[in-house]
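These notes are about the structure you will find just below.
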Amino acid sequence: MSLLEERRPAAKPTAMPLVAPQIPAYAPWLAAVLAGGIAALAGLLLGWSLVAVVLVAWALLVVGLPAWSAAIEGERRAKDRLVTTIAWSTFALAMIPLASLAWEVVENGHAIISSEFLTYDMRGVLGAGGGIYHALMGTLIITALATAISVPIGVMAAIYLVEYGKGNRLARTITFLVDVMTGIPSIVAGLFAFALFTMIFGPGVRFGIGGAVALSVLMIPIVVRATEEMLKLVPEELREASYALGVPKWRTIVKVVLPTALGGIVTGVTLAIARVAGETAPLLIIVGTTTTLNLNPFDGRMATLPVFIFSSVTTGGKYDAEQTARAWGAALVLVAIVMTLNLLARAVGKVFAPKTGR
Amino acid sequence: MSTTTTAPSAPTAVSRRGDSVFAGLATGAGLLIMLALAGVAIFLIIEGIPAISASGEQAYGKDNIVVYVWPLLFGTLLAAVIALLIATPLAVGVALVISHYAPRRVARPIGYLIDLLAAVPSVVYGLWGRAVLAPAILPVYAWLADHLGWLPFFDGPARTGRTILTAAIVLAVMALPIITAICREVFLQTPRIHEEAALALGATRWEMIRMTVFPYARSGVISAVMLGLGRALGETMAVAMVLSASGLVTINLISAENPSTIAANIALNFGNASGTKVNVLIFSGLVLFVVSFAVNFLGRWIAARGQVKA
Amino acid sequence: MATSIDISDLNIYYGDFLAVEGVGMTIRARSVTAFIGPSGCGKSTFLRSLNRMHEVIPGARVEGKVVVDGQSLYDPSVDPVAVRRQIGMVFQRPNPFPTMSIYENVLAGNRLNSKRMKKAEADDIVERSLRGANLWTEVKDRLGKPGMGLSGGQQQRLCIARAIAVEPQVLLMDEPCSALDPISTAAIEDLIHELKSDYTIVIVTHNMQQAARVSDDTGFFNLKAAGEPGHLVEFNATSKVFSNPDDPSTEAYISGRFG
């Protein structure tokens, strides 16, 4: 510090003062190590817990680094460093639960994954053993059905909004309602499907297609949104080029606009599938669960991975440990499916990304 | 005129029919969405109305539907608000790190990771909250009850980790990636020229962010928080799995006696419900629908107003 | 195969706003007709009304007559889609379809109208159109590559090939060179000269030298003031317009004293 102060007058006093005293670039790291070291030492001497040591180390850093900076660099830079430290702290804090979640799912889930776990259902199983084949198939069937319902409706509605409606009253109403639908709590979608099918088939109805309808209520707005955004990105020039060739509007949409937007639409749909594949609440209400394989979505309860996880954990009783182990295994499988879909969506988005430039 | 061309009107009928069929399909899809949403509201109302006269045994031993739903609504709001109080500062910080602090090389993978975490199913968060977080946080609650017990929130006694505060923390962890993603987008949209103008005036990075990024992003952040709130209000599974609920109204956050939430209450009781009890649960779902609709609407309204101004 | 166009008393509106007022002219077959004038004078709008492209924009409508080959374009029985098959258009910015190869781009007009054709026939159309657009030798070895991979000038010639592949009567060009460098511009101008023997060509340009170089007839559009509708000031042989125009405002514009 004294060195820096001596150097300043040495600079030519006539020139603009471009040199200001600075703490070295490695200062934040040094401060972090020092704070950690002091806290650890104190912790060892006074017998603190790990949590306490970390908290003290953090407090030392947040106070110490800006203080050091204030002494040398002045108040404004010190404030800047304080905020930087806090921003990175929030980041670290936010990462703790998220990292823990990822770690626990893998750690607790991987042990039980076996060919038996993936190919057997739970018929007659009480303690150990059994598998999630029935739930896996249920999730695949119901999600596939929901996709089959949502994608045509969602894509066509988006086409209406972008290509036909163009801000007329109906289009504005639909846009608003899609906004509302995006915010429907998933359990309310389940109640809707339940109420709907209760009115048709009488009370106590439970079947897979009902779940697909409920999931569609959640999925359609996502598909509409994604498709709408992508269609809007298609340059008006391409439509005009097609019209100028004497191509009718609907063929222009099908052959020019949709292919150009395809990558984004597929990405959006895949993300929507990933989102609803993990939905639990609506399925709990309208599909229920069962221990045996049921491949017919029009008849009777079906098991699904999310509901399987939920009921395994909440049933309790004598075999709680085995049930929880299976729940972790199912959670790992479910997370793997959802993550694969997400990565796939990104890959698709990259592959189909509009080729611009030359 | 060198050649006499026949009037090319032959394909007219064909292309016109194709056009009207296609336009009809597109319009039909749009109308179907209107119908579906109307259906949601109508069916919930039809099935919910019988609950209004429910009492006693039919209303789970409560005098009337209001007395039944109120504690649930209280719990729903309490959990969601605490979750947002925890998640918002963290999300803003993380978004700021991604958009302005971290080097590009690091920021991109972090953003990627956050997006992936937004996709983790809620039931998995619930499982984690119940099996990992609840036991781990019990000592903290015990400490809080011992040292801060004079605050009504931390009255205790801390006998279980499965409290409303734990549920709120899980909700915060779930809402964090969503709010972060929106905030990041909004922060990144700050016009470069504004930022450079601030830097050219000799502002430090924090001063630049306070002068340009925050004013520009304010409405976007607020609407992100509202959307996160809407999500937290409607979240079912995480709460249903984490919370050990007894359905009373209290602001004691760490005791074994916790308020429940509407969504979790439906999930836990629907399987065994019959008769008017089903209607009672559906009615509570209707209340949830209205509340989350209001919150979402408010969020979008704020976002739209901000856009007009910008 | 080329045809003339008779326009009389044409008014073009965007909603309630009158954009172009009272235009009348005869565009000769197998010739190049150029429209010049300051920005916003309605020459592009007028061009787009010649193949009913302007009505793609919501609220746009037309009063008056455009007669092509004895038929009025705005007769209720006329299908705009059919009109556009006969009167092709090339746009300001090259706009090849990004999802299609060079080959598919040329055939787009035929394929999108679901015309079935044999491979040999299709190959023939592609080669003929690309030769017609002076692009064949440059791209014949990479017909399967994306059309977006070409340079700007090549893309514009690809768009011309695409337009002539459907064998239209008339080719409308809306500032086809304004996004191109001088060398590409020269290539397009040469091409316009060659296409003249087969097609009626109408071109809008901001570049008066270009109008003088390529066109046989020239129309000068102007507006009285901002917010007023554009109108046709003068329509004459290009040589006359550029040497001895009838209207003083045309001379002022051409000699650069205005606009």
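Every chain is named by a letter (A, B and C) in the order it is written, and numbering of its residues begins at 1.
Operating definition for what follows: contacts are C-beta pairs under 8 Å (C-beta built on N, C-alpha and C of every residue); 3 or more make two chains touch, one makes a residue touch a chain.
All figures in this text were calculated on a predicted structure; none of them were measured in a lab.
Each chain gets a centre from the mean of its Cα atoms; the one farthest from the centre of subunit B is C.
The most central chain, judged by C-alpha centres against the centre of all protein C-alpha atoms, is A.
Averaging Cα coordinates per chain places subunit A and subunit B 13 Å apart.
Separating the centre of subunit A from that of subunit C, both taken as means of CA atoms, is a distance of 49 Å.
Centroids built from CA atoms put subunit C at 53 Å from subunit B.
Annotation for subunit A: residues 248, 251 touch two or more other chains.
Each of residues 81-82, 85-86, 113 in subunit C touches at least two other chains. In subunit B, the residues touching two or more other chains are 15-16. Residues of subunit B touching subunit A in their complex: 15-16, 18-19, 21-23, 25-30, 32-34, 36-37, 39-40, 43-44, 46-47, 89-94, 96-97, 101, 110, 113, 115-117, 119-128, 130-133, 140, 169, 173, 176-177, 180, 204-207, 209, 227, 230, 233-237, 240-241, 263, 266-268, 270-271, 274, 278, 281-282, 285-286, 288-289, 292-293, 295-297, 300. Only residues 51, 76-77, 79-80, 83-84, 86-91, 93-94, 97-98, 100-101, 104-105, 108, 152-157, 159-161, 163-165, 170-171, 173-174, 177-189, 191-192, 194-196, 198-199, 203-204, 217, 220, 224, 248-251, 253-254, 271, 274-275, 277-281, 284-285, 288, 306, 309-310, 313-314, 324, 327-328, 331, 334-335, 338-339, 342 of subunit A touch subunit B when the two sit together in their complex. Only residues 166, 235, 237-248, 251-252, 255-256, 259-260, 262, 354-358 of subunit A touch subunit C when the two sit together in their complex.
The part of subunit C that touches subunit A in the complex is made up of residues 51, 53, 56, 58, 81-86, 88-89, 91, 93, 95, 97-99, 108-109, 111-114, 146, 148-151, 159, 162-163, 166.
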